[in-house]
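In what comes next, chain A is part of two complexes: it sits with chain B in the first one and with chain C in the second one.
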Partner chain A sequence: MTQTAPPSPAPNAPAPTARRAGRSRFGGILRLRELPVAFALIVLVVVTYAANPLFLSPQGTKDLLLNSTIMIILAVGQAIVIITRNVDLSVGSILGLVAFGTGSLFATFPGIPIPVVFLIGLAFGMLLGAINGLLVTIAKVPALVITLGTLYIYRGLSNAWAGGTQYFADDRPEAFGNLSVDTFLGFPVITLLALAVVVIVAVVMAGTRGGRDLYAIGSDPDAAKLFGIPVGRRVFTAFAVNGLLAGLAGVLYASRFNSVGATTGNGLELDVVAAAVVGGVAIFGGSGSVVGAALGAVLLTTITSALAAMRVDKFWQQAIVGVLILAAIIIDRVASLRTARRLRISEARDV
Partner chain B sequence: MELFRNRAGGRRARRIATFAAVTATVALIATGCAAGDSGSDGGSGADGSQTITFIPKQLNNPYTDVVLGGGEEGADAAGFASSEVVGPLDASASSQVSFINAETQAGTNVIVIAANDPDAVCSALEEARSGGAKIVAFDSDTNPDCRDVFISQVVAKDVALIQTKLIAEQIGGSGQIAILSATANATNQNEWIKYMEEDLAANYPDIELVAKVYGDDDDTKSFQEAQGLMQAYPDLKGIISPTTVGIAATARYLSTSEYKGKVALTGLGLPNEMRPFVKDGTVTEFALWDPAQLGYVAAFAGKALADGDITGAEGDTFEAGDLGEREVGADGIVIVGPPTVFDADNIDDYDF
Partner chain C sequence: MSETNTKESTATSVLSADTTKTLRDEPRGRTGWSRILLGRDAIMIYALIATIVVAMISVPRFASPVTTGFLLLDVIPVLLIAMPMTLIIITGEIDLSVASIAGLTSASIGVLWQAGFDIGLVLVLGVVIGLVAGAFNGFLVAVIGLPSLAVTIGTLALFRGLALVVIGDNAVANFPPELTGFFTSKLGATGIPTVMIGVVIIVLAFGVVLHFTPFGRGLYALGYSPEAARFVGIHVARSKFWLYVASGGVSALAGIFWTLRYSSARSDNASGLELAVIAAVLLGGVSIFGGKGSIPGVVAGVLLIGTINYALRLGRVSDVVLIIVTGTLLIASVITPSIADAIRRRRHDQRLRRSLPQA
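Right after this comes the complex of A and B.
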């Protein structure tokens, strides 16, 4: 997690001017977005460890990593969408549908190979995400409204489909459940999977044309269109990839938790958006990184565990998350004001 | 996100809003009148046309489904013309009120409710009663002033005592234990916990209750609360989870962690959900009543109330179908039966 300076086209700044402003100073501002989260995370872990050494016992560390895994994957997907100045509120419902679908697959076809289940889960998630993408790009209604609608539609579907049926860990093969128990070099297998997702998406976002286009779209959709970026296609892809990742999270949920049913994943969407925002992904698009979002996810899930380990009343947890969101927004605001001032100064010098 | 894109549409939006408000008002008046009519019809009660509605804490909850299955069977057997199940998808305090209001307007004769919060539903239930409906609380009581009878699984104290007895046996009579409950304001869990605390203080001086945590009947939250307990109390020897979601989530966590077999777990669970954990040794014994009987008796109590056979006063008796006669006790409480203890030997005899 050391992506300190994503390449240039930078927050709220057109690329050419950014270069003139000088790379090193820009690097500083960019780092500002992820550094506070990483710092807060380290402080949190160290303080909790000092108060209760069991927090970082092998079992404790494993729990911390496992707790974050699903949220990391969801936050990465959400970050892709938010960077394009959209949002997907239906991820909790997508996760629920896919998790229940995973349970049904194992119950209906007892011998089904695990990779096939993963593929079906990913495809199912991507389909649901693609529906969001289509609605957002074709109907040209704000994503907030569209995905609020699909949040309820998908949840309604899972209620109609599942009813009171629940599938338990017992209904699934042991090897599948063991994915979230077994470790490789001390890391739980599914956490490594989540890390791979972060790395792949981070590279695509930072280093490919398509990834950079998403930032351009989020910074200024109209300019992006004039510039010749296929805005509709890129936004659609962002939603489809987010759905795919939510599908992956759904399959992993079924591996990790005991029961999957109609209410699985209920209310998760706000936690996911919060994780992305706390991780420095600007809610109005155009800046932030998936590494930051992943760090935000780790931070938020770790707070819950830390408060429990320090015997703090869990009712405080929500207030703390709120403070973090506000802090993230203030940092974002300060960063963009500083950027604007520097740009003004450097442009004035050039004139 | 384009939150405020349609800035120019202000006037049109306002017109639509006005229209919507007018429509809603008209609709409310219309349904209000209709409800008044059918309510008074229903109250006088032509036999064979009585209706009963079950409002559980939350729909699509496996435990609730078993209770409601028994309820609908009971409603059929007792002779209700129709029985319905409505309810919220989340078990929050205020979520049941709108469903109660809808039943009041529909003129339902008997409302059977498991309250998420004893007081939040009260004013809505009062309104239903003034429209002629009979209120049967089951599973989780409302404030006694707002219902006619309460059908209790078992004597609350028995439920509490069996759990303290089980945990005491499993940890060898001494050490630290914790309770992982449902929501912090769940009526039945809190009552059991109160009795458990009394019982522990009186009869198990060597057992120390170190924490009460709440998993909100949510798999993920209960899971994390269980983890937190293990970290915060390294000497913890046992957990009591008096809720089916909590005990299953905790069992899943323990069975996948190094604490399996070292930390005892008991409480109230569904045999189908707990079977793997009993077989793999995470859990040795847990308890529950037969939830279907709860719904069954509630339906018969509703029928007896609607027919005017009982009023919910102490000493009233009514026939509960196959289960025989039941008596209304103090505070309008009807007891269904004793709790059952499940272990590796008998768990396969139960399917719910």
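Right after this comes the complex of A and C.
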């Protein structure tokens, strides 16, 4: 319901902080949207560690990071799209198509250089995302409907393409699989890649004209248009970038997991949206950050491992994820109500 | 129409002499028979009939009572849940948790039956669980006022998770054979499943509520503009709340049907069905923005997807590839009106330019 409230300033927007000059910097930090999810993540890790010290053993940490890598990349891409008040439900299917494509590239052209595979995967993902973007911007139909359609179409294509075929770890070069085994300074290589993605996208969203435009579009598309922002082009770019990131996730998926086939990435879309929402990205656009979305992704994947480490019945996991999503939405609501009240009070004072 | 009217009035205020001519040139909304025979619903029904005829001619073994039976049994869950979903989308909200509610009901009745309760009581409790789950959604959306898309993504995970908690990875299959037999039985030689009687009653009930009661007409007003609806005296929160309760109840019925048809209660029953339902509802002409749509259109949409899938399956098209058809139909059905709209606007502008003196 952020649409009815006055657009709450994005957490890392420099302008509002400067305007509220009298306010302490500390208060600003306390209101950061990433804070509740970061706090929850820390509590979760600490409690689990106390219950089972093996949870943070080198191997345990590595598994945690590896498991969340793909989700982080997908959540960052999804956050970009959601901030513009759109949504992309087709990411699971894009990931599946690209992952299977990667597998078949290695199978058909043995000895193909790994960077080329990455480039092809990224381009393929971007193409699929661009199709979404074109349909959404040209037809002016809600993204929910369009991407629900492409979710089915892409999934059907990958079913038709893959059939019963599956590619296993033996089909790909050793070096490619090692990407998700080798570590650098204790971090798996592909996790570092994901972190680089988060940093780059976060800087672009916070500091560039195009990134700020996305927030403006999400807060009020009509006002953004009046203001002279090329709404169609920006939204199209958001979808294309999301597709590109889903493509990257697809290639990494092929590296990380033992087999890729027709069902790879099935049903992932709602988990990704959930990660972004848990990370404080408002579903109606205009607020939230990719860092929050990445934290949300880490939180959701860590819960799975934490429950296993605490020997909680694994069947509880999904219910807890559901409760977390609802909690995130309620926190979001409370925060936007408080922002609205604060704005009202400060405006009244100015008069 | 309202958009063109306002354009019209600004145009005529500039050029007051030409009023009648410009107004006459404007395309008007259809009325009477032409509205019924050429409307969006009618087109869907023609498309459905055409598909059935083509399938009967070109697909061997399609034209038989067996087809009717299996086709209807396949579409019943989607058809049932599509009813409350139509009403909810018309009010501008959405419910993504329906399939999870069906799964939760399925798991619960399995466990309750295993625990030795009377089957009648088990079924009643199943519906009650659905109603409670729906009321929970309704409370969060209508009373607290949270965005329904986000809330029902959350409850989608929550209810499916509870289904897992209830039944784990077990399956309960030993339901009374009379009952499971009843759910797959046919009405005489027609091939129509007996449960269709109940389904038709539910469909009719939702159709009457939406199209012929003040409550139903109020839902359209609600979808166009919640503020305006409140001013004309529609209970916005209360209407939405009861829609979600209805959605929970009907989803529970679909869950019961699913369980007894396949004679298997599992936590992952009906998973992913929510997207199929929404696809069918939107194909049936309901606008995702709210305020537009009808029950006959949605029924035709559900049956159209069901028929195409069934016919292609008989024609040896692989099951998993069929979802391309659903996706393409969905996109085509939402893009066509907006392209038609663009053309109409262009024509309007041209006409306006012609009738206005060149300054």
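Going forward, the second predicted complex is superposed on the first by the 321 of 351 C-alpha atoms of A that agree within 3 Å, B and C clash if a C-alpha of one lies under 4 Å from a C-alpha of the other, contacts with A are read in each partner's own complex, and residues count from 1 in each chain.
One rule holds for everything that comes next: a residue touches a chain if its C-beta (ideal position, glycine included) is under 8 Å from a C-beta of that chain, and two chains touch if they have at least 3 such contacts.
Since the model is a prediction, treat every value here as computed from it, not as a measurement.
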{"item": "Room on chain A for both chain B and chain C (clash or fit)", "value": "clash"}
{"item": "Chain B versus chain C as contact partner of A:P142, first or second or both or neither", "value": "both"}
{"item": "Contacts of A:F284 with chain B and chain C, given as first, second, both or neither", "value": "both"}
{"item": "Contacts of A:P230 with chain B and chain C, given as first, second, both or neither", "value": "neither"}
{"item": "First (chain B), second (chain C), both or neither touched by A:D63", "value": "first"}
{"item": "Touching partner for A:R85 - first (chain B), second (chain C), both, neither", "value": "first"}
{"item": "Touching partner for A:A308 - first (chain B), second (chain C), both, neither", "value": "first"}
{"item": "Touching partner for A:G210 - first (chain B), second (chain C), both, neither", "value": "neither"}
{"item": "Partner chain in contact with A:F257 - chain B first, chain C second, else both or neither", "value": "first"}
{"item": "Partner chain(s) touched by A:P173 [first = chain B, second = chain C, both, neither]", "value": "neither"}
{"item": "Touching both chain B and chain C, residues of chain A", "value": "87, 142, 144, 155, 159, 163, 262, 283-284"}
{"item": "Contact footprint of chain A on chain C as seen in their complex", "value": "94, 96, 140, 144-147, 149-151, 153-162, 164-165, 168-169, 271-272, 275, 278-279, 282, 288-289, 318, 320-328, 330-331, 334-335, 338-339"}
{"item": "Chain C contact footprint on chain A (complex, rising order)", "value": "1, 87, 89, 135, 139-142, 144-146, 148-157, 159-160, 163, 262, 267, 270, 273-274, 277, 283-284, 313, 315-323, 325-326, 329-330, 333"}
{"item": "Chain A to chain B touching residues, read off their complex", "value": "52, 54-55, 57-60, 63, 67, 82, 85-87, 142-144, 155, 159, 162-164, 166, 168-170, 177, 180-181, 257-259, 261-264, 266, 283-285, 304-305, 307-311, 314"}
{"item": "Partner chain A, residues of chain B touching it in the complex", "value": "1-3, 5, 58-62, 64-65, 89-90, 211, 213-214, 218-220, 223-225, 227-232, 234, 245, 248-249, 251-252, 256-259, 272-273, 275-276"}
